[in-house]
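Some structures to go through are shown next.
Common to both upcoming complexes is subunit A, partnered first by subunit B, then by subunit C.
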Partner chain A sequence: MRFSTSMRVGPVGFRIGSDWRAPIAGLKRLYRDYPKPADDIPHFTVRLEATHWWRRFVRPSVRIAGDHTLPEALPLPLAQGVLAAEMAMNLQMALGQRHFLLVHAASVERDGKVMILTGESGSGKSTLAALLGEHGWRLLGDEFALIDPQTGEAHPFPRPISLKNASIDVMAALAPPERFGERINGTPKGDIRHLIPNAAALAGMDKSAPPALILFPRFGNAADVREVLPSEVFIRLTQASTNYVSLAERGYTALTQLVTQTPARAIDFPDTATGLKLVQDLWAELA
Partner chain B sequence: MSARLLCQLLTEPGRARDVTPAQWPSVLTIAQAERLAGSLAYRLSGLTLPPSVQSVLDAARLNADTGRVQALWEVEMAGRALALHSAFPSCS
Partner chain C sequence: MRPTAPLDTLSALYHRRSGITHLIVEPVPEILAALTKAPATASQLTETLVADYGLEQDAESAAALQARLDELEAIGLVWRL
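For the complex of A and B:
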């Protein structure tokens, strides 16, 4: 490919090639403090390709390719090239990762124990994790929690946090401008701006820890806490996992162990201050 | 780019020790694209490889194993359905 870069995020090395310079420049900025893949050999390769050779120049359109792809993925405009790369990297993990049980969740660590925040897009898990990461917690990641089937521990995957819409301004008040990527407007999920995890999160990207609490946050309602039974946690986490089925028995064993050993709560919160307080109170009580 | 190298590794796994760190990413990517990563993992098993290469091949092998179990399960189910059909031809 004409332009390329590589990086390691937690245990996973990526190589990204592109027909254009701009997405690689954006990625190099976001990943400037990340290490290179171990032995310089990446686990996954991602390519950002023009849909036709002339679409490199005319209404440039980015098609996602790589080791693992979905045939129905739609191309994105070049202005969203960094987002395309992020989506492609997620896709490699979602489809190709076999060493960890992947749960679509944010995770943070405190006192050597991990809290997993899972929920659908828009539930506020990324925002809560980003906030906690600036309030004395170590951010493990906002996209995937990696559960080691052998030890049950959660491994960090501290990708740049993808902040959406209103949460961009919330975090802009807390973190310096050099930790932000370019604002990407008009994506399918609204406006997106990436926040580079802080130095503690990046320095700790090889430190795993056992899960101690699973939360199902939901933004937008009056404050409330509800206990979630292991049976419901199990079903919701199978839905939140991208590789539960392909891990077969190892996935079932890992998930059963996680669910039976970790308390879980669902929380509603009307604003970020209330959300933070609820989370910290629950942590003090249960973890 | 290095499809030839991939072919050589599949036929003569011992050559893996001569593959340079710069060549491995292409070999692995081509193997994935050609759906030969699982075959490569089996052919290279037992050799000393860079840890990252081993990790990618371990994943490919796990993937192939799962695929095998799923395929055998399909066959088992088809077998049971056909047995039922031959015992009770009116059953469809």
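For the complex of A and C:
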């Protein structure tokens, strides 16, 4: 690969190579304050390749390659190269991570305890986690919660937060411009802009903590709170986990312990201010 | 051994041989608990469930128990000796 960079995010080291300079420059900016992989040996390697050699120059188009790939993944335009790298890094984790139980969820820490926010794309979990990260909570991550099957603790994976559409402006009012990446317009999920986690989140990327509350947020309806029983949490988290099946009994044990020991609530919220208040009230009551 | 985890009305059960997680509801955890102690005939199992869990001892219960045993046999959670 002509251009490359490497970084460590929590317990996981990545190396990204590219046929083009621009995506690597974008990644170097987003990951400028991250450490390098331990002993400079990455866990996962990602390559952003030209779909054909001449595609390096004419309507450049990025294909993801690496340790783990999806054969049917469509190439992305070069302008979305940073997004392609992010997707590829997620894919390596989703398909290759064997040490932790991976749950598609955001997570934040306060008072030495972790809140896990899980839900479909668009549920508001990333936005809530980003907001909490600027309101005295430590952001552990907005994409994957890493549950250690041996201890039950959640480990940080504080990648730059992928803000989408309206949440870009919400966060622009709270964080300084130097913590934002370039705005990427017209992606399959709309407009995206990355927010680099704050210094506390990066400094704490090796500090795990036990989960104390599981939330299923849903943006767009009138404020409401509903208790979620362990059996429903179990089913929803198996669906939200990318490696539950491949971890076999270790995953089963980790997940049954998590859902039987951690209270869970589903919340509806019509706007971010209401969502933030609901979360903080529930935390005070249950965690 | 297949570890069973009571959740609330449902219990989770991990089947080591297949790697499949099952969610089970009464009387399945009770049947499996009884058979984990020792193999039993259908009538011995009925006696255990009557004594330990207050199962009604009538034709309807016997038919339901047989149906559950057939289902459990089909997915490999119980088997004939």
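Criterion: the second predicted complex is superposed on the first by the 287 of 287 C-alpha atoms of A that agree within 3 Å, B and C clash if a C-alpha of one lies under 4 Å from a C-alpha of the other, contacts with A are read in each partner's own complex, and residues count from 1 in each chain.
Keep in mind that, in the parts below, a contact is a pair of C-beta atoms (placed from the backbone, for glycine too) under 8 Å apart; a residue touches a chain by one contact, two chains touch by 3 or more.
Note that the structure is predicted; figures quoted are calculated from it, not measured.
*Asks:* Answer with clash or fit: subunit B and subunit C placed together on subunit A by superposition.
*Replies:* Verdict on subunit A: subunit B and subunit C fit.
*Asks:* Should A:Leu174 be classified as contacting the first partner (subunit B), the second (subunit C), both, or neither?
*Replies:* Neither partner.
*Asks:* For subunit A, which side has the bigger count of touched residues, subunit B or subunit C?
*Replies:* Counted on subunit A, the partner with more touching residues turns out to be B.
*Asks:* After the superposition on A, what does A:Asp39 contact: first (subunit B), second (subunit C), both or neither?
*Replies:* A:Asp39 contacts subunit B only, not subunit C.
*Asks:* Who does A:Leu229 touch here: subunit B (first), subunit C (second), both, or neither?
*Replies:* Touch status of A:Leu229: second partner only.
*Asks:* Could you give the angle made at the Cα centre of subunit A by the lines to the Cα centres of subunit B and subunit C, to the nearest 10°?
*Replies:* The three centres form an angle at subunit A of 60 degrees.
*Asks:* Between subunit B (first) and subunit C (second), which, if any, makes contact with A:Thr238: first, second, both or neither?
*Replies:* In the superposed model, A:Thr238 contacts subunit C only, not subunit B.
*Asks:* Figure out whether A:Thr253 sits in contact with subunit B (first) or subunit C (second), or with both, or with neither.
*Replies:* Only subunit C is touched by A:Thr253; subunit B is not.
*Asks:* Using the superposition on chain A described above, determine whether A:Ala203 touches subunit B (first), subunit C (second), both, or neither.
*Replies:* The answer is neither, since A:Ala203 touches no partner chain.
*Asks:* Which value, in Å, gives the least CA distance between subunit B and subunit C in the superposed three-chain arrangement?
*Replies:* Taking the overlay as described at the top, subunit B lies 6 Å from subunit C at its nearest C-alpha.
*Asks:* Please report the subunit A residues shared by its interface with subunit B and its interface with subunit C.
*Replies:* Touching subunit B and subunit C on subunit A: residues 248.
*Asks:* Touching subunit C in the complex: which residues of subunit A?
*Replies:* For this pair, the touching residues of subunit A are 229-231, 234-235, 238, 245, 248-249, 252-253, 256, 259-260.
*Asks:* Help me check something: in the complex, which residues belonging to subunit A touch subunit B?
*Replies:* 13, 15, 37-43, 45, 67-68, 96-99, 246-248
*Asks:* Would you tell me which residues of subunit B are touching subunit A in their complex?
*Replies:* Its residues touching subunit A are 21-22, 24-25, 28-29, 32-33, 50-53, 55-56, 58-59, 62-63, 66, 69.
*Asks:* Which residues of subunit C touch subunit A once you look at their complex with the stated criterion?
*Replies:* 3, 5-10, 12, 14, 16, 19, 21, 23
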